Amino acid sequence: MTELAPSTRSRVLAALRDQRVETASWAFGNSGTRFKVFAQEGVPRDPFEKISDAATVHRFTGVAPTVALHIPWDKVDDYAALAAFAKERGVGLGAINSNVFQDDDYKLGSVTNPDARIRAKALAHLVECVDIMDATGSRDLKLWFSDGTNYPGQDSIRNRQDRLSEALAAVYDRLGDDQRMLLEYKFFEPAFYVTDVPDWGTAYAHCLTLGDKAQVVIDTGHHAPGTNIEFIVAILLRAGKLGGFDFNSRFYADDDLMVGAADPFQLFRIMCEIVSADVLKPEAGIAFMLDQCHNLEPKIQAVIRSVMNVQEATAKALLVDADALAAAQQNGDVLEANDVLMDAYHTDVRPLLRDLRADLGLDSDPVGAYKRSGYYETVKAERVGGNAAGWGA
Amino acid sequence: MTELAPSTRSRVLAALRDQRVETASWAFGNSGTRFKVFAQEGVPRDPFEKISDAATVHRFTGVAPTVALHIPWDKVDDYAALAAFAKERGVGLGAINSNVFQDDDYKLGSVTNPDARIRAKALAHLVECVDIMDATGSRDLKLWFSDGTNYPGQDSIRNRQDRLSEALAAVYDRLGDDQRMLLEYKFFEPAFYVTDVPDWGTAYAHCLTLGDKAQVVIDTGHHAPGTNIEFIVAILLRAGKLGGFDFNSRFYADDDLMVGAADPFQLFRIMCEIVSADVLKPEAGIAFMLDQCHNLEPKIQAVIRSVMNVQEATAKALLVDADALAAAQQNGDVLEANDVLMDAYHTDVRPLLRDLRADLGLDSDPVGAYKRSGYYETVKAERVGGNAAGWGA
Amino acid sequence: MTELAPSTRSRVLAALRDQRVETASWAFGNSGTRFKVFAQEGVPRDPFEKISDAATVHRFTGVAPTVALHIPWDKVDDYAALAAFAKERGVGLGAINSNVFQDDDYKLGSVTNPDARIRAKALAHLVECVDIMDATGSRDLKLWFSDGTNYPGQDSIRNRQDRLSEALAAVYDRLGDDQRMLLEYKFFEPAFYVTDVPDWGTAYAHCLTLGDKAQVVIDTGHHAPGTNIEFIVAILLRAGKLGGFDFNSRFYADDDLMVGAADPFQLFRIMCEIVSADVLKPEAGIAFMLDQCHNLEPKIQAVIRSVMNVQEATAKALLVDADALAAAQQNGDVLEANDVLMDAYHTDVRPLLRDLRADLGLDSDPVGAYKRSGYYETVKAERVGGNAAGWGA
Amino acid sequence: MTELAPSTRSRVLAALRDQRVETASWAFGNSGTRFKVFAQEGVPRDPFEKISDAATVHRFTGVAPTVALHIPWDKVDDYAALAAFAKERGVGLGAINSNVFQDDDYKLGSVTNPDARIRAKALAHLVECVDIMDATGSRDLKLWFSDGTNYPGQDSIRNRQDRLSEALAAVYDRLGDDQRMLLEYKFFEPAFYVTDVPDWGTAYAHCLTLGDKAQVVIDTGHHAPGTNIEFIVAILLRAGKLGGFDFNSRFYADDDLMVGAADPFQLFRIMCEIVSADVLKPEAGIAFMLDQCHNLEPKIQAVIRSVMNVQEATAKALLVDADALAAAQQNGDVLEANDVLMDAYHTDVRPLLRDLRADLGLDSDPVGAYKRSGYYETVKAERVGGNAAGWGA
């Protein structure tokens, strides 16, 4: 694939122009491992400053117009003010992420806790998140539960499912007509033995019971070794139950690397499923969100790079010659079919993305432009004193 | 737990007396790895001889009264004669296992093949298996598909699901009122990239669509590293979708070790879920089947040992003090709850099983009795010439 | 194995009487995951209180007479006073564990950092640990490096090895005649991409270069999925390079479960290698240490249980009929050899351990006795105010 | 990286021109999984026909001038004739691969077997392989042992190491001055429990004891999930103990996919270590060999594609700006260092490789040229009757 046909080129550029990636407020705060959080300078100290950072990412990439919030990390008194602040800076508020894992009460679980009082407390938080969605105009409630057990016997697997089911139903009933619940699964962590929503099957089964407003969200870092994630994408799309992605990458455990950093070919294969099912466009209702933390690397720059990684994988997926692929598949030509896919993957799409950015009136080099903008130096100077945002802050 | 209370003892013995484990005809034939099949002496040369071996296992264990067949490996002209032969020897014919993976046509898949002709051929085989079930009086059709792809792009994941779905529906419609379809999943192998039914979620989704006669079967050796199998047991039981088990064990890849050999604690935890949901008894409809091959070790002896391993794990699970466990769980006493479970696990149940065998009029030492019986020497002398049974034979 | 022969019984009891398990000071402080540390009541606030807890574990188990320290978590002005305090309570100070992973300077590595100033700082800490060993009389310096990289390209794998090698040599040269360096490896965490000492091979290669005072330590929770740990035990013993164990267990990632909790059969197999090489006795120089944290469960009670788990696995390993095993192995009798091993594993050794404790003048039920002792209620009442110990505290 | 500087371009082309990839004779024969070998038409029926196929690969790629043999699969009466036949076709005979895994005697092991007679037989085969090397002029003896055990207790891990060590020493002593022994390790398969050479550490330890002519070979498909292979490359290169590669790829288990097919980014990272240590050139003594089988896909075409995959990964590795990378690493600029690497990876090197082929007088499209050559049609017509080559054939 040396030269793109003009029609291909315009099709790909149009699709990339419409693509939307949602950033996460917590990516701009301090983070780390269980061993150490290495503090960075210039880190936001409140939700407004996080939104400024997110707006900066959008300013240089052009495809990241919303930012997800995490409650209570991003709790404010006046969400309308927060939304207005965001709007002024060119971005909007995205999904609301609940947090029922950082309170001493949740030691043995939140909505699955054997203690009814604690379950009620957790549920109240989830309902409060829907209240906040009403205030922010957010469409999606993203639910991740750290619930699980550490030791065999610690609690009844089945009873915990019953409690989970009950809580999900209560939240579901609270959702407005245009609101959705995105249920996340995670293979392991932080529970050591049982995870109450460990795989797509569990999330799917709950969402199916709940109804159309409940959808599964795939966090790309939340699978057992060797899992074929694009298979899950395909299967959930086929079932009409894929609500979105939490993008990140990982080699073995912690899921905080920039999406595409550990296995760019996997990201490409995932985006191929999206493109082939024609659900890239925003109106298809798949939320493409980043959920990663930047422990060692500069945060804003890493988020910009992550958005670009998603764009590059998408561009390659858009370049797959669908007709040639279908023909080779139908003919049982294993090598030809693989070759059609690899031809797109091997293509250097960076020139194309530079053109896209020029079309959008952006600098063709988002990272360079961000560095040259002086934004980081400014916030580093300004954001002195106060509490740097971070998990639990 | 030093002495069992008489009521506990009689409860446990009664449950163990009713337990049923189904053996597999192919476990008595030669098997191996992709590198080499090491032939053994005395191996059966036809389905009748396999049934003799299965009957021998039942004679010494008392809890293995049925044997599963594999079609076409166990194809005979007259299934009534085969059933009568089995009955004479004290056993019955169990599940019918289909085989759509050993024909050159199935190189790129059976029911998921892009070629409609091959799909039709595979479907015809599955329907033939139901015909055989009618003849043998078998309740369960066990479906395992080796279908998948080796290379990214080789075929459309989604189209393959559509084709799979279509074939399953056709087979389902062919089932009689008292017949069931057990759909097996497998994380990997023999396909290298996509497996068309790789996890319980995929099997569950298909079975849900099909209806009540479609159930998921858990092969204990078919999961990603780190998967919590007892969680899957619990979740399928809760959903009313667990049809049975294919028991075996493995350390990394090949799933052919004797059940309980690689991780006896895991087998115990699985049986704990069974016992706590009160579905051990045959009328609960969970089929407990062995599906393993004995590449290096003597086959009949290994099957006897496998049946005993299931019994031992079950006996331990039956010893769990359910009330104490529930109380500790409700109190959030992590160590006490774990300790209640471990107390049962650490108990040496072999004396109890010796008593059970005495009650059943069996030798208390099944392996020893089998060895002393001279059965192996007899068949070794008799089974000379002909083709030793094996995969594909 | 229903009754033990008197000679077996006395051999096993004698071996168990001599067994030594070292506890870890940090197991008594607060700990958690990257998401949350759930605080417990009664947690020690300084090294002295940690030693009191460790002494309590020894009081009820009789086989945990030393406690490992972690520097700087257990830094005190006067180590002689700390040692005297320990001695008064019936325990001694054990291995010194260094910490070069919780300083902002170590963000990109400690002894492998590209910056020479930071490498020098890390080395100075390691040398200080040897100074402390001189003061405490500790034999072993345990080195675990969190060093690694998160992203491909971040640093040169080879240069980092060179820097590591240089630092290890400098520390080695500082060791006294009766001091040893135990080098730990860890498959992953907290680095996401490269871990500078990820496997036994790397640790072994460095120790071989260094000399006899450098030995490998196996942390049972630090391996890739599917790794055969007892193989590593055997191979390091054969090479004379096994210095000891950090015991704990895990299902997938975090290595903080009580040893034997996740896979008791694995622990048994590990102890079988120890017993068969006759290196259980303290004079063989293998340090058996616990390295685990108790996030959800009561800490002292969990450490007692962990010591008991090691004892139970050891007792079973001691029961293996070595002659019968060797004969079956030599005869190529796969099932008989496995059966000899399993016979020991299935034995309930708890009565034997109760007898051992009676012989030692201990309560036969260490956990029960500890609970009845009122120790926990006392410290809970006393340890109010101050800073609860924990990682980084 | 839009345009290559002329000096870069000529450096990269020169390096690629000198690159050598060795093909494997067995890649041209039939192969499969333990479930089924799907036969292909036109498969060679003897070593001469395999060499013709290998020569065809070289004819279209220009960088695959040698072919490895497998004994006894490629046993012939007259190796000089075989070598002459190869030479005529433009290729040479490469490494000799031993086979001590396909004889009934090796059921419980070859050189590690508890039976001395079988060990002697296995050793005799290895020595015979050196005899064949003398006849073929091969430099390298590649040793892969399928030895291991299936069940805990089956055999003594340590005794097996002693027996392995003894056999290796005997073979080592038999090597001529210009001959080497390449010892391969494999994480699992075909043994289910213990593998006698499971990791690089074990292979390394044996090679270190043996001496300079013993080197470790890395098969890219032989590692635990999550293993960082490029780390092993770096560490073995640093130790002077890397003898070569067996290239292939895999997703979970079977290691037979075309190299670079499952994770092209990993292959690139491996080649980066090779390039950065300047050991790409043949005189550095690293053997770059393919070891993969093509179960579903056409074999010759797949081998051509595999050679091209190695070339593409190498070309990208050669494009890494080493000075910029070193500077970013030294500065601790995590994102910049990663970016330098990714810049090379994202480059489309296919135009460069087309130029290389033009320089070499080859068609710029090796797969297309091969297809157009009619070679496959010819051999399909000719190779009728006889026994198609395959494992064990």
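Observations on the model:
A, B, C and D are the chain letters, set down in written order, and residue numbers restart from 1 in every chain.
FYI, a residue touches a chain if its C-beta (ideal position, glycine included) is under 8 Å from a C-beta of that chain, and two chains touch if they have at least 3 such contacts.
In this text the structure is predicted, and so the values were computed from the model without any measurement.
C-beta contact counts were set side by side for B-C and B-D; B-D has more. Interface residue usage between chain A and chain B, two copies of one sequence, is largely shared: over half of the residue numbers at the contact are used by both copies. Summary of the copy comparison: rotating chain C onto chain D for the best CA superposition needs 180 degrees, to the nearest 5.
In terms of their C-alpha centroids, the spacing between chain B and chain D amounts to 38 Å.
The set of chain A residues that touch two or more partner chains comprises 108, 150-152, 154, 187-188, 193, 225-226, 228, 251-252, 261, 265, 296-297, 334-335, 338-339. Contacts from chain D toward chain C in the complex involve residues 108, 114-115, 150-159, 161-162, 187-188, 193-195, 198-202, 204-205, 208, 223-228, 230-231, 234-235, 237-239, 265, 269, 273, 276-277, 325-326, 328-332, 334-335, 337-342. Of all the residues in chain D, the ones that touch chain A in their complex are 2, 225-226, 228, 251-252, 261, 263-265, 296-298, 301-302, 305, 312, 334-335, 338-339, 345-348, 350-351, 367.
Chain C makes touch with chain A in their complex at residues 32-36, 38-39, 101-102, 104, 106-108, 146, 150-152, 154, 187-190, 192-193, 225, 250-254, 256-258, 261-262, 295-297, 391-392.
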